[in-house]
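Next come two complexes built around chain A: one with chain B, the other with chain C.
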Partner chain A sequence: MTHLHIKDLQAGYGKKLILNNINLEVRQGEMIALLGPSGCGKTTLLNALCGFIPLSHGEILSDKRVISQLPAEQRNITMVFQSYALWPHMTVEQNVAYGLKVKKVKRADIETRVAELLNVVKLAGLEAEKVTALSGGQRQRVALARALAIRPDVLVLDEPLSNLDAKVRLSVRHEIKALQKKLGFTSLIVTHDQEEALVMADRIAVLNKGQIEQIGTPEEIYHHPSTAFVADFMGADNHIVWPIQDPGFSLNINLPPDDLSIYFRSENVSISLQATINNELNQQQNEGLIINGTVEQSVFFGNSYRISVRSGKHIIQAEHYKHLPGKTPVTLHILPEALHIYAADVKSSVLEKN
Partner chain B sequence: MIATQKQYYFSGISIYSVRFSFWLQSLFILLLALAMFGPIVNLLIWTVTESWYFPNSLPSQWGVKYWLQVFNPYSDVSGSLLTSLLIAILTVVVCLLVSVPAGYALSKNSMPFRVFWMLLFLIPQAFPNLTVYMNIARLFYDFGLNGTLLGVVLVHSVHGLMFSIWISVAAFSSTDPMLERASRNLGAGPIYTFFHIVLPQAAPGLVASCIFVFLESLDEFTGTFFVGSPNINTLPLLLYTASMEGNYQIASITALILLAPSILFMVIIHKFMKPEMLSKLGK
Partner chain C sequence: MRQMQSHNLWLVAPAALMVGIFFLYPLCFSLYSAVTLDGGGFTLTHLYKAFDLYSKDMLFTIFIVFVSVSILASLSVTIAALITLSPFRSLVGLLAFLYRLPLFIPFIVTAQMMRTFLAKNGLMNNAFIESGLLTPMETISFLGWGGIIITFVWKQMAFSTLLISGAMAALDDSQIQAARNLGASRFRVLVQIILPQITASIGIAMVLSTVTIMSVLSVPLMIGTGTPTMMTADMAFRVNSYGDYHVANALGLVSYCICGGLAYFYLRQNLKDKGAIS
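The block that comes next holds the complex of A and B.
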C-alpha cells in the first residue's frame, strides 16, 4: 500500500501540451476518481503515471521515491486499460499469470496466486478459456485480476465500466468498490460519469482542459463546487447571469453588486402555486432566489415530474411531485445554500459559499 | 393476327440469338480453357512420355522411366533439388533476420524517414532485372562471391527482402500497441515484450512472408544464372538446360516439382493471412 504524490506535473504528446500544473495526492488505500469530460486529459494523466509518455515538468513520487524517471516496467503501477488490452493468444490463466512469470515467481506460487485472484473476480473455472471467447464483463475482470496479480503499489483504471451494458455496469461498479475496500489497494479510477465517481470514490478530482479544477470528497464536490465548470459538470442544470432586469426575479442575499453567474439544481427548486412573493413569506423563507413564472412544460420522470417554468426570457427547470398543467402561474424558491454563485467574468472564483 | 405474327417473329429471333450466343460463349470458354490449361495438359503428358515424335498428337510410348531417373539419388535433379531447397531455406533465414527488426522499427510511426526506408527496398525491382543482376554479378566477382552458395543466397535475399520487409511492416503495424503497453505495465522489459507479445501477434504475417520468400527463391532464375552458374545448379537452371537440350520429360517433371510448393503456399496463405493486415500497409 502506497502513497502516491503527483507534483506540478506537465505532460503531453510531442510538442502538444495536454496536462498542466497537476498536483494530486492519493493517500494509502484511497480510491480517487478522476472525473472530467471526454478529451480533457484523463487517459493522458494515467499514461504519464504509468510511464507511457514522458513528463515535460514535475515529478511523481511513490512512497517518497521519485518514479517519474523510471521506465514503465519498473514503476509497479498497473493499469486496467479502457480496451482491456488482453493478449488474445493467451488463455485467461496465462493472461493473469503473465506479470508473475515476468517476475520469475515460482511456478507453484503462480498457480496459487492465479487461482486465488480468479476466485476473487469470480472467474474460477474459466482458466483455460481463450480471452477472445469471453463476454465484456468477463474480460474486464480478467484485466482487473491481471493488474492485481503482481500486487501493484497503485492500481489505475481507465474508464473500466464504459464498455459494459448499463446493467452489468451497476454490479461491476459495486464489485470493484468492494474489492478495493477488501484488498485496500491505492487506486485512481478514471470516469466521465459523475454518478460513478460519486458512488465509487473516496475523493474526486475534477479535470477540465488538462487542469484540476477541484479535489474533494464526493459531498464537497456535489454540494460546494468551487468553480462554475464543476457545478455545471456535477449536474447543476440551471444557470442564470445576475443581474436580471426582469420583475419576476428577486435575489435576497448579501453580495457585492458585481455581475454574478448562478447555478442551481432542478431538484433544489421548490414550487408553490400562488404568487406569494414579498408578502406572506417570512423573512427566513424569503432568503435566496425567488422566481415568478408560468409552467411551460411538464414531463414525467418516474419518481417526479420535470417542470419547465418560463419567466421572461428565461426557462428554469424544476422538479415536482405531481403534474402541473401548462400556463399555471407558479413561484419558484431556491434556498441560499443551494445556489452556487461565481463571478460572471472570472468564472472560476467563488464569491460566496454558505 | 398481326400481333401474333409479330410475336412469333420476335421469339424466332430471340431463340436464334440465344442459341447463337450460347455456342459463341461455349467456344470462347473452350478457347480460354485451352489457352490456360493446354500447356499444363501438354506438360502433364510429357511427364509420363517415354517417346513422342513430331507429327503424332499423342506419345507413342507411355511410361514412368524418367520419374525413376529423376528420383535416382545420384541424378542431376535430386542434386539440384537439394541445392534449391538449401538456398531457399538460407534465403528465408537471411530475410527474416533483416525484416523482423526492420519491419518492427518501420511499423512505428515515430521512425524517421519511414517511407523512404520502405521505398528503398523496392528500388532494385524498379530497374530491369537483367541489368541489376549483371551489376550484382560484377560486384560479387570482386568479392569472390560468384559461383558460391553464399552469393546466390545474397542475390535471392535482395529480391526476397522486398516482399518480406513490406509484409512484415504490415504484420507489425496490425498489432495493437496497447498490448505492448500492457506487457510493459506488468513489469516486462522491451525485449521480453517483443518476444512474448509482439512476435506472436505478428507471426501469421511473418509466416506468410517466409513462404513467399521461399517460393520466390525456388523459382528464381536470372540472378542464379548470372551469379551462381555454372557451379551452383538449382532446379530452374536445370529446367532451362533440360529444355534447351530438348529433354522435355526431365523439364516437365522438374516443373511439376516446382509447382508443388506453390499449391501448398495457397493453402497456408488461406489459413494464416488476416485481411486487416493488408489494410494497415497504407498507414
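The block that comes next holds the complex of A and C.
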C-alpha cells in the first residue's frame, strides 16, 4: 500500500530550481534510500518533504491526504539531521520528550514512551545526561529516539551516519535497519555511500541533477543499472567507448553498429597470464570482452590486489588475489553479464546484454 | 628566552602607554578626586553631598535605564525573532535593512530629531492633528522621562538587535527545523529552543546598552524638562556652574559602581564562553 506519494515535484531555493519532476511512491513500512552525488538534490527533497522549503510544482500525499500545503509542524514527518540538531541546553530525556510535550501528551505517557525508546536505542540510564556529554554514536541515537517519539507517519534521515567514524558507522547502520524492521516505520534515508544504501534500503532511488535516474531494489540497481550514470555511480569503475581501434580489445557479443559506452566493475574482471589464456578462453567460448595488456601497477587492497592494466591508451582496473609485477603481459576477460552497455550519445537507452 | 620576553614587552608598550595616559590616568584621577579634599586627605564629604543633592536623580537614572533596557530587550528580541523565523523573506530583508539605520546616527542628532518629533507642537502631534485623531487642545508633550526613554530605545535598538540577531543566526538552522517538524510553532521555537541558548548574548547586549545610556549627556539635556534629570546632566551642571569637580567625580564614581557591577557580569560571561571558568 502506498503510504507516501510524491507527484511531479519541483522545488528549489529562490529562483534556482534544484528538483525537477520527482515522482516517488513509498510503501508502508518501507525504507527507501535516496542515493546520489553531492549537489544532486537529495537533502533538498527531504527539506521539501518536511516543509522547510516550498514546492514550485507538484504535490505530496501522505495516506492519500495532501500535505504539501501544510506547514512543517503539521506534517507529522520527522527528520534525523546530519548534524543531529540536538538541543544542547536540554538533557537526553528532555530532547526525546520534546515532541510529546508539544503534542500535550500526558506526563505519565511521556515518561513511559521516553523510557521505552531509550531502551530500544540502548541509552537507558543516560536520561539525565546533557547531550553535549555524549559520544557521536550516542547523539545519533538520541536524535533517532527523538524523531521516533511522536510516532511520525514518515521518518527521514539525512546522511545520519556521515559524522560517525567507520567502526561506529557499521554498527549504527545495522541498528537503524533492525529498528526499522522491528518498529515498521516508513522511512527515507539520504546517503552518498552506495554500500550504505545497498545494506539498509528496501529500494534505492538514484538521483542525478535533481531527477530520479532509476528506482529499484538494491539488486536491480547494482546488477542492472538503467543508465550510464547509475552504472558509474554504483561502482562500475571501468569505462570504454566502443568501437576501439586497438588490437588489444575484442568484443564477442552481437551488438548494433552504433557507438557504445561500456561500463564494468573491476571485481568482475578476471585476469589470466597470457601463457594460460587460450585454454581458459576456449572453455568460455570467447564470449564477452577480452583485453590484452601489461600490468602497470599493483596495489594491496586488504583482501585482494588492485591491478592497473594498460592496453594501448586505456587503463583498466581489475582485482586479483595475488600481486603481479609490473610489465607482466596479461589478458583480461569480462563476461557478457558483467558488461553494462549503453548508446554512447544518449547514455540512457539500455542495451544491456544481461 | 628573556630577550624574547623583553621584545614582547616592547611590542605592547605603545598600546599600553596609550591606555595608561588616556584611560587609566584620568579614571584614577577622577576616582581620587571624588574621595579627597582640595588640600589632600581622604574624605567622604563629596559622596555624602552627591547623595544629599542628587539621590532623586540617581533613582531617576536607574529608573530610566531599567525601563529603557526592559523595552529594548523585548523589542530587540521581537525584531531578531522576526528576522530569524519569519517565512516572509522579502519583508525580513527590508526589516533587516531598516533596523540598522540608527546605528549610524549620533546621539546628539537623535536627541535633536526626537525633540522636534515629540514636542507638544512637534511632528508626531501634528501628524495626529492632520489625520483627525487629535485636536490641538488634546496634544501632550512627550519631552521628559517618556521622551528620554523613547530616544534611548530608538537609538540603542539597532545595536542590541544586531547582537541578538547575530546570536540567533549563529544557531544551527537544523535545531529550529528539528523543533518545527516535531510540531512546535514558531513562537514555541523562539521561547523553548532559541532564547535559552542566547540568554548570555541578550545579557551582554543589555549590559553594553546600560553603560551607553548612563554615559549620554545630550539626551537628558535636550529631551529632559529640568528635574529630576539624569546623573550625566548633574555632573555637567556641577562642573559648568560651580567648577565643582569633586562632587561631579563623586557622581561619576556612583555611575562607575553601577556600570562596574554590570561589567563584572559581561567579563565573567566572556571568560565562561572562552572556557576559562566553568
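The rule is simple: the second predicted complex is superposed on the first by the 340 of 354 C-alpha atoms of A that agree within 3 Å, B and C clash if a C-alpha of one lies under 4 Å from a C-alpha of the other, contacts with A are read in each partner's own complex, and residues count from 1 in each chain.
We take it that a contact is a pair of C-beta atoms (placed from the backbone, for glycine too) under 8 Å apart; a residue touches a chain by one contact, two chains touch by 3 or more.
The shown structure was predicted, so the numbers you read here are calculated from the model rather than taken from an experiment.
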Sharing chain A, do chain B and chain C clash or fit in the superposition? clash
For A:Arg203, is the partner it touches chain B (first), chain C (second), both, or none of the two (neither)? neither
Kindly classify A:Ala85 by the partners it touches after superposition: chain B alone (first), chain C alone (second), both, or neither? both
Give one of first, second, both or neither to describe whether A:His333 is in contact with chain B, with chain C, with both, or with none. neither
Just to be sure I read the superposition right, which of the two partners does A:Ala72 touch: chain B = first, chain C = second, or both, or neither? both
Flag for me the stretch of chain C that overlaps chain B after superposition; candidates: 2-10, 128-136 or 146-154. 146-154
Common interface positions of chain A, toward chain B and toward chain C: 50-52, 71-74, 76-79, 81, 83, 85-89, 98-99, 102-103, 146-147, 149-150
So in the complex, the part of chain B that touches chain A is made up of which residues? 176, 178-179, 181-189, 192, 196-197, 200-201
In the complex, go through chain C and note every residue touching chain A. 172, 174-175, 177-185, 188, 192-193, 196-197
In the complex of these two chains, what residues of chain A are touching chain C? 50-52, 71-79, 81-83, 85-89, 98-99, 102-103, 146-147, 149-150
In the complex formed with chain B, which residues of chain A make contact? 50-52, 71-74, 76-79, 81, 83, 85-89, 98-99, 102-103, 146-147, 149-150
